[in-house]
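Should a chain be cited, it is by its letter among A, B, C and D, assigned in written order, with residues numbered from 1 in that chain.
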Amino acid sequence: MIRLAIHLALDYEVREPGSHFIFNIHAAHTERQRVLQEHLDLNQGVPWRVDTDPATLNRILRVSPGPGPLRLRYAATIELDHHVAQPAAIPEVPIAQLPTHVLPSLYPSRYCPSDRLLRLALQEFGHQVPGYARVQGVRDWVLRRTTFKSNTSTGTTSALDTLLDTVGVCRDFAHLMIALCRAINVPARFTTGIDYGADPALGPTDFHAYVEAYLGGRWYIFDPSGTAIPMGFVRFGTGRDAADVAFATIFGDVLAGAPRIQIEVLPDDQGRLVMPWHCPEALSTDA
Amino acid sequence: MIRLAIHLALDYEVREPGSHFIFNIHAAHTERQRVLQEHLDLNQGVPWRVDTDPATLNRILRVSPGPGPLRLRYAATIELDHHVAQPAAIPEVPIAQLPTHVLPSLYPSRYCPSDRLLRLALQEFGHQVPGYARVQGVRDWVLRRTTFKSNTSTGTTSALDTLLDTVGVCRDFAHLMIALCRAINVPARFTTGIDYGADPALGPTDFHAYVEAYLGGRWYIFDPSGTAIPMGFVRFGTGRDAADVAFATIFGDVLAGAPRIQIEVLPDDQGRLVMPWHCPEALSTDA
Amino acid sequence: MIRLAIHLALDYEVREPGSHFIFNIHAAHTERQRVLQEHLDLNQGVPWRVDTDPATLNRILRVSPGPGPLRLRYAATIELDHHVAQPAAIPEVPIAQLPTHVLPSLYPSRYCPSDRLLRLALQEFGHQVPGYARVQGVRDWVLRRTTFKSNTSTGTTSALDTLLDTVGVCRDFAHLMIALCRAINVPARFTTGIDYGADPALGPTDFHAYVEAYLGGRWYIFDPSGTAIPMGFVRFGTGRDAADVAFATIFGDVLAGAPRIQIEVLPDDQGRLVMPWHCPEALSTDA
Amino acid sequence: MIRLAIHLALDYEVREPGSHFIFNIHAAHTERQRVLQEHLDLNQGVPWRVDTDPATLNRILRVSPGPGPLRLRYAATIELDHHVAQPAAIPEVPIAQLPTHVLPSLYPSRYCPSDRLLRLALQEFGHQVPGYARVQGVRDWVLRRTTFKSNTSTGTTSALDTLLDTVGVCRDFAHLMIALCRAINVPARFTTGIDYGADPALGPTDFHAYVEAYLGGRWYIFDPSGTAIPMGFVRFGTGRDAADVAFATIFGDVLAGAPRIQIEVLPDDQGRLVMPWHCPEALSTDA
């Protein structure tokens, strides 16, 4: 079990009345990710509420500030008790046996138009043995063909663009991997959060986007960016793609500061500091 | 109240083992659409089950036939007790007041990439008074700019294509209207079903796709195809777009026959035959 | 007759050997645009040559500098003796009567994929009387639907993007107008140069892109940007679209400074200063 | 030297006055392709003329029939005296040394948007030694990743679509190869004609599209379709892509029959029958 403390500081200058923020910055409650404690603080008087989306169980913070500064602080202590499995023992799930609630992760979405990649995915991955290793192969394929480069993609960049452009950021790599997985009938979804141990060469700790694929009856974590340690991921939300789980969707004339994010390992109940490491096993925090 | 009897006959030739069908052909249970009785019949021995999707409440039929003919018959008696409202009295809902479960209908999706149409939609509809009439204006705009023409679109045709091509079928017109609505912050979703009173010039009764937009705290029905009578729509499913609610998603080597669909008006409890008509009021069957 | 003096100063820092520049910054020689004198100056020792492209008659400057600074100065005195015609007297040319050398301006190109706009163009312009006024109508349509905004488009932005995005710069508006013209069988080409009298609100004098459409047996000038005075255009090159006539195509690791451009009206042989003005007549400098 | 006789029969039913045909079905006159004799026959009274396009030297047949049947017969005897070279001896031409008239074959075009493939091409081919073998490697790459399948592409299918879809016909493979060549700064153009020895499994002899790349100061022939014998190609036209050299561009309401094409080897002056064969050398018919 890994215990992590996270702190988020988000600052905005709201410049018109009627502005509205939809945040997804609360740590998710999942089978294997427990929120031991958390605290949300907004500057005085700003009305807000937290809802749980019925489809994704994402925790959605709605904020309706008036003009002026908006200061948001979120702190939480998280315990990760990963389901750990041997890759070789994890099968793909035949479509006929996929639970109905998993099916939407099989369909094309805004940034993951898997319907356009059916033949290409079949050509690249169709002859490989189904199972975790094949999906890891999709992840490796994406990592091999893409290069991390800031500011090379925009809010309209889809997996097809990333395939052609061969550059992007974590969000783009996740979209491409998801589209390819769906094209070979493996349910895959977009997951956001923050990660302990991100490559410092990429700048200060930031939000992260990665992939969960449904294999062997669970959602397993994959990181096609190759820049992070999956064992250190704290999940905020999941969705079809980035359209569903932006950390902040903002309506109105708002000036945003750079988010400041901290994450650190805490001692567990026995006083041990368990650090995330690059392990060869498959990891999952959600059934 | 309108009472309708529907009959669906779907025939397939399954040509390989391991095939799987995901159908969405069950009439939805909604606040104002009651399924008085229904009956599903598949040829002998084929395993199937019906699940309800937690996000959409769509009823999903899963069928795993072996090789050979698959014959599906579905019959239902439906009662529609529309919520009827005066268009002038129906406001748009400010984003801050939209329920969280409605938000996904605001985000771009595979066939409705509203993020690409923000400026165009603002230019066309931004200066109009918010409310039902503005959304009806979007519907009229789509109807005016598009022409019904069979076989002009494919499974990859998006709202952007339809905007450029100016032709399509009901599915395409729905996608375009939905994308434009989302671009002006009106939640809109793709709805499928069948309709009483379709224009016979368009061929035999077929599945239909239309739009529901969230206004005044309810989902109101819009038909950008202009070929049908909204009061006669029986809803099967809703979703972000056609990716979510195909009437049949088929995995495996399968030969499909043309669906045969019948719909007729039945006498209600008082023995009256109430026929759908083109009414000027706004109609809704779901809150 | 209008006499103009132009001065261009282009400065680069070449950072690797083997770099190469393809410039199109020489004033064109056309029926109605005479280059009275010109002078090209490059810093010492840099090899260069000027060729004339056989298809477009564009004058192409090829420069192969070594590492270090590249300084280019071009000065010319130009005389414009416009062919001036009454719009109402200018017909479209039936396809059967179009000269063969004009046909490429009818075909789709990289940034002007007119094949995608056939129906839309027919719907918008198909019922108008063929002639100059119809083409001016296309120009007005583009101007009405687009907004000038720097840095909203990139090197991959096509006319379809501009149609959807409704923003861009002169290059984008030209591409959209050209694509629409070709879609209604009016040959149209992309023209680059500089312009006297550009709107000072848009910044210092810069390169300009506009449209020439083939009507009544000549190439007439159209400015869908609406920011310039067509009578003050000095033409450098023409092509299918911006792919053909970049003012500079650079191969190698090169740092570019901002171009500095000056244009002024000179007295003609009779000592008169004739200034370009917004005239209602149709203008052409090329047959 | 190879001597070939070709016969084309094209039949149309013209259904409205004012129709116009732009054909490119005349064998090209090139350095190494001689037209020994040719004969064009149209049904009585139809006005026509043949022009030579100044940029491409394509021979363009313009026909303006009235309503009724249009019957076109073209027969020619062609002599091919290929320039034959050892692949290992053929270098790429540095950009600085490319003739100006070759530059348009370096720029992106409608169906070959090479600007979108710069990184991907660099990643795949950037580390290979420049020269004929690298370009042949591009050809092999395309052949390996695509599958011939009739009716999978349309008039709007670009090289990007073909890269994603992995299927197409000869035109599509040529577009993809051209786009990749331009992306690594190798001039490449689209060439049309007919071929002796086409794979009979693909149906009756049809028009063919292939690629010419500019290497070692000449245009060398490449066939990314892999279905034909390059030594048996008779060239009609060249252009940026299929937008420039359709064998028939038709304006008006016209019903087209299937083209009937025959090609056979004739004895040369010494009475020998020299048959095209798959040779390992590089072939060119044009400087």
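What we mean here is this: a residue touches a chain if its C-beta (ideal position, glycine included) is under 8 Å from a C-beta of that chain, and two chains touch if they have at least 3 such contacts.
Owing to the predicted nature of the structure, the values given are computational and were not obtained by experimental measurement.
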Determine the set of chains touching chain B that also touch chain C. none
Gap in Å, rounded to a whole number, between the CA centres of chain D and chain C: 31
Starting from the mean Cα coordinates of chain A and chain D, work out the distance between those two points in Å. 48
Please set out, as single numbers or ranges, the residues of chain C touching at least two other chains. 116
Between which chains does touch occur? A-B, A-D, B-C, C-D
Would you mind writing out the residues of chain D in touch with chain C in their complex? 18, 20, 22, 51-56, 60, 62, 64, 94-96, 99-101, 103-104, 107-110, 113, 115-116, 155-156, 185, 240, 243-244, 251
Spell out the residues on chain C that touch chain B in their complex, using ranges where they run on. 116-117, 119-120, 123, 145, 147, 160, 163-167
